[in-house]
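Just so it is clear, A, B, C and D label the chains in written order, and each chain counts residues from 1 on its own.
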Amino acid sequence: MDFQLTDDQRALRTGMRELLERRFPRTRLRAVVDGDAARGDGDTARGDGDTGRGGGLDRALWRELGAAGLFALRVPESAGGVGLGLPEVVLAFEEAGRALLPGPLVATELAAGLSGSLAAGAAQGETVVTALDESGAPVEHLASADVVLALLPTAVEVIPAEEVARSAEPMRSVDPATPLHRLAPSRTRPDQTDQTDGTGPADGTGPADRTDQADRTDQAGPGRSGLAARLRREAALLTAAQQLGSASRTVELAVDHAKHRTQFGRPIGAFQAVQHLCAQMLVRAESARSVVYAAAVTEDPGDIAAAKLLADEAAVHNARDCLQVHGGMGFTWEADVHLHLKRAWVRAGQWQSGAAAEEELAAGLVSTVETCL
Amino acid sequence: MDFQLTDDQRALRTGMRELLERRFPRTRLRAVVDGDAARGDGDTARGDGDTGRGGGLDRALWRELGAAGLFALRVPESAGGVGLGLPEVVLAFEEAGRALLPGPLVATELAAGLSGSLAAGAAQGETVVTALDESGAPVEHLASADVVLALLPTAVEVIPAEEVARSAEPMRSVDPATPLHRLAPSRTRPDQTDQTDGTGPADGTGPADRTDQADRTDQAGPGRSGLAARLRREAALLTAAQQLGSASRTVELAVDHAKHRTQFGRPIGAFQAVQHLCAQMLVRAESARSVVYAAAVTEDPGDIAAAKLLADEAAVHNARDCLQVHGGMGFTWEADVHLHLKRAWVRAGQWQSGAAAEEELAAGLVSTVETCL
Amino acid sequence: MDLTYTEDEEDFRHRLRAWLAEILPKLPDRPHPADWPGRRAYDCGWQRMLHDAGYAGLHWPEDAGGRGATPTQHLIFLEETERAGAPYVGAGFVGLLHAGPTIAAEGTPEQRARWLPPILRGDEVWCQGFSEPDAGSDLASLRTRAVRDGDEYVISGSKIWTSHAEIADWCELLVRTAPINADTPKHRGITWLAMPMDAPGVTVRPLRTLAGTAEFAEVFLDEVRVPVGHRVGEENDGWRVTMVTLSFERGTAFVGEVVACRRVLAALARTAQANGRWDDAVLRRRLGRLAAECAALWRLTQWNVSEAQRTGGVPGVGGSVFKLRFSQVRQELYDAAAEVLGPDALDAGQEWVADRLSSLSYTIAAGTSQIQRNIVAERILGLPKGR
Amino acid sequence: MDLTYTEDEEDFRHRLRAWLAEILPKLPDRPHPADWPGRRAYDCGWQRMLHDAGYAGLHWPEDAGGRGATPTQHLIFLEETERAGAPYVGAGFVGLLHAGPTIAAEGTPEQRARWLPPILRGDEVWCQGFSEPDAGSDLASLRTRAVRDGDEYVISGSKIWTSHAEIADWCELLVRTAPINADTPKHRGITWLAMPMDAPGVTVRPLRTLAGTAEFAEVFLDEVRVPVGHRVGEENDGWRVTMVTLSFERGTAFVGEVVACRRVLAALARTAQANGRWDDAVLRRRLGRLAAECAALWRLTQWNVSEAQRTGGVPGVGGSVFKLRFSQVRQELYDAAAEVLGPDALDAGQEWVADRLSSLSYTIAAGTSQIQRNIVAERILGLPKGR
């Protein structure tokens, strides 16, 4: 056992951080965010219907990320990918979360691991893939996406984005960098589908052709096994990884502010109340880290549920505490704190809610005589 | 509107505090508590069966309290009582909670307001009355009680204590000053009953004679109305009042310790972490106070549920925080902190649990178009 | 412990209710939040209606043009207007609730005559220039400087978190007239001035909050000249002058907000029943708990108002206790709202979502919760001064 | 990120498991908690069995008589013994986990030869004399005084929170040999001594805790004479001497407790299923959340142990983070247990109720949570020194 990062993993993390600092520096994040602001006349309460499509995806950046291998980390080298494992993707996504990189990263990464005509190009960043499931969570970046990965209870389908868009309506997304669409209630059974055949990713068999109209379920059937179930778990884990990155970043932001902001004649970080807020933030982030990394290694459903639960909580609460440490400055649009909070809210609603994770973990407590250590 | 104490109410509170300081000083509390300790050989884990009957009631004290009018506060002057209202009883019980006065105060006070042969003498402190209901909560001070007030779903009965004791077994009570008995599961339908006729307290009609064996329900039927329901609500409120007293007392204990205990060259109360713990304790106590007092005035079931919920929470959490402020000293048997915590645990399980109170309040939210202000 | 209202109080309530029922349907449509001139017109129009009906300056002393109402009457007024859905005080806030009372308490007869009537009639709008970028929680360390030049002060510096700056006629401004040094407390050396917002050198820049709106502004002051006659109180005594208005508040500062919390909570419960979330025991019990918290806030308010009524307005224990609990409950309420809304909690167009974003400032604005806890610990509990 | 165990580690685990399966049934009955001589005999007997089987001093260096096991092997040892229900280290705690490692690291060859073998064999029991009534969180302010008199130190003062004082042969004692003054840090001037518990002037008084038991004692020292040769390290250098053992712990300090938490949680779930409380969604989801927290504690432990393995034992970020979370989770676990138990939560005879009472010390003992947060804030996050 050596539950620490390998040198290669450290290098990957450093590389990803540097890539994002180069390709997606803070100025670019602010351009996405403030571009939306400009359109909204400084007032998102205004009723123009298209702010929901704000924060349009930067295709050039997406291709750069694809070229850098971000979406092909798990694609076998024989298929042109990087040939790494889930832990490496988790580390990369943690960095993406840290940098608040916008875009349907999770769906694109999952689709890159599938074969099939519609999702082809996902690994290279040529095809932008978003996702939907039956939880009622909004679909992110639908207007910018080419296709939608639909993770249905027992089937996986790939659907052209414009088909989904026909029965979706834009929301005024709370996160200015993540446009969201609400699906019409009926819109979870697409009438035209591109469906996988339930085999593993990138194994050469490929999803069924789009002309195949019938529903086909995963070979392994519904429940916790089967392709759809596995992809949902991976989606939850990769979302948790982003939450972890955000939670760590807000610790840094809070600590940095606390060191430099002076009130009552000294840095506010010298006040115990602020120190303790920061300490609790670190505890949340590091607890979440330990389970997110472990789930990446074990891929166990219970571990993933724990990872999503604690990472959601760490991201949301750390952003809140970071805002508190920032005081009035944290309440401004110019500070990045609110972007972490809003993105954390969006991600917390994706793939596995806190309630669902708690129920899964509770069920795990009584399904085995001995908890797995 | 003048939601402050009247001069008479202040005088009553002061009088009650002084009475308890005189008749039940700390040395007497410690005698009750440490008497139990002596029997247990300094080790309550020892398996002698009668520690559950530790903390036997001081009959002389009980009579003194009765003589001082504690149990007759609401009995009309025409019937030899003090002729005050529920707010005054709440103030008196708050003081009792503050002083950790042991004994089945609530049941005795309720019984004193009923007429009937078995409970006669309750108002004078001659008859010691404990209570049971169908919640499964243990019966306190059963071995010291003369009779048991049974608040059944739709009936009120008064039963000789020895009858109840026959199908009850002593627990090793976590609170050394409150002996507890567990009722056998079948033991909620007493075979011999002394049952009221469902009329109001002390109105001269009296409960049915003990020879009346039949079950008789409250005139107003089950649910939120009827005598049993009203007595349960009053019991919850008076229990909440004691919790409030305890919650206020632990604020004082914590603040006092924080002012005098020195670490790192200054009083620990000068550390923000300790200051903020104490501040939150005060906020909890004062929030609870506002609803407990309001419920005493309105007698509204929703207000009473809010009072019980917030007072339970204030008592338990304040005792915990008080222990934290005390550090290692708080972990000793000699400090009174643990007595507040343990009594708060006992009371939190009595009459209306947190879950039940929350459900009642939730139901109240949807039962009326407008919440009552 | 009397929660019943006197006959006079009930009478006051019924007349107010009747008037509200009559007048509210006649109000124009509410302006868009970004339409500042429209908001000024609307808010001032409403103040004029109150004035003409005899409700302006209800809690002000009669010799200042107010109605000299009791704290309980003020409570009833705030409760009833909120329940009836009447306009919020809006642009009149600073004038009616802070600058006006300050002038009433500390101004000269001439100052009172000049500034108070237009506030009560809704003719003039005031804003507040207290906070600065480097003086937030530590307000007394403010650095905006005023230098005496003959009969004028010449003021340079900047202020932040100023509401209604775009449409205000006057700004109640705190400035530093004596330098901060080690020998005197920094609260000394602050002076209170009434600054005309159209004075040369005043620049207003909207400040966008995380809610995406620009409810606040920054105000930049570049050698702005203000006559010495606009000073209320003595030079260097502005901190005390500012604090005297605390006793005007009399426990009523958040009455409307508490009433609103209870209304939101009831609406959340109804929404949850409609969308099926009510069956989730965790959420349902959470709403039940919030009902207890809201009840406590209301009773604390009544408690504080009653105390103010007895003490003649001196703030007691209750204010900081209330504020701490209120900030917390309000954020919990909107977190629960997000649970009730489910996926719609991500829709900033939802009223509750916008309110949720605003509620994030509650543990920060007007003294962070950290500062409030210090106040409780040191001033109420008597703990040694924290370090 | 490798969570699989090597072949060697698996082999170690299987041999240990087999030995435990063989030896545990042969153990005598556990003594009553108040039977101190019985507890000494039982705990020392178990240590002797470990010694004879080659498991004594597993984590000690080989040149100190230990087995020089890796942190991972130590983790496995603690995990397996806890899961098998083997006796807790008990009376051997201070000797094996603190005094012994201190002597191993800082003692002279003679001191090592005198004191280490009896610890490993279970022949001698040590206790710890660090805390004092007025030196809790602020341990360095301790006042028990030692004055040099020829070849002896003469010691007067008192110690508190000493476990096993009644049956210990030796006490690792921190004493003040130079007065506290403003010029030197108070950590200087402390000296580490091995004091025989049967020395004249040593009085032990049991200290009853809120759990009703007397697991701890106060130790009063009245002119106790200890030879200078019993000093480990230099005079006035005892603080540093004491701290070196931190690196011996290697992230394994709470392995058994975390395993126990997970076992308790699973038992709570089964009990809740049996008594019907499992149908309460609020409680069920609370247990689910605790499962996540316990998983995190276990993974944090593995993380810390792996880090110690790489750095050779230097404690990293993880210790304080773990301790803060663990204290909190442990108390939440027993609060949940009370919910599962319902009315039985008031029965002190229930195992979980006794554990709940003990768990109240977790946010206090070995540095309050407040102190831990200071450590995290200042040493890990680099915030300025709090005041």
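Just so we're on the same page, a residue touches a chain if its C-beta (ideal position, glycine included) is under 8 Å from a C-beta of that chain, and two chains touch if they have at least 3 such contacts.
In UniProt terms, the chains line up like this: A, B, C, D = Acyl-CoA dehydrogenase domain-containingprotein.
What you are looking at is a predicted structure, and each value in this text was computed from that prediction instead of being measured.
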What is the chain whose Cα centre is as far as it gets from that of chain B? A
If you tally contacting C-beta pairs, which pair wins, A-C or B-C? B-C
Per the C-alpha means, the centres of chain A and chain D lie apart by a whole-Å value of 41
Can you work out the whole-Å distance between the CA centroids of chain A and chain B? 51
Per-residue multi-chain contacts in chain A, two or more chains: 271-274, 276, 355
Multi-chain touching residues of chain D, meaning two or more other chains, are 280, 282, 285, 370, 373, 387
In the complex with chain C, residue positions of chain B that touch it: 1-6, 9, 87, 251, 255, 258-259, 266-267, 269-272, 274-276, 278-280, 282-283, 286-288, 290-291, 293-294, 296-298, 302-303, 305-306, 309-310, 355, 357-366, 369-371, 373
Enumerate the contact residues on chain C facing chain D in the complex. 280-282, 285, 387
Which chain C residues qualify as touching chain A in the complex? 32-34, 131, 134, 136-138, 141, 160-161, 206-214, 280, 282, 338, 342-349, 353-354, 357, 360-361, 363-365, 368-370, 373
Which residues of chain D touch chain A in their complex? 1-6, 9, 72, 75, 79, 83, 259, 262-263, 265-266, 269-270, 273, 278, 284-289, 291-300, 302-303, 305-307, 309-310, 317-318, 321, 324-325, 370, 372-374, 376-378, 380-387
Within the complex, chain D is touched by chain B residues 37, 40-47, 136-138, 171-176, 180, 182, 262-265, 271, 273-274, 320, 323-324, 327-328, 330-335, 337-338, 341, 345-346, 349, 355
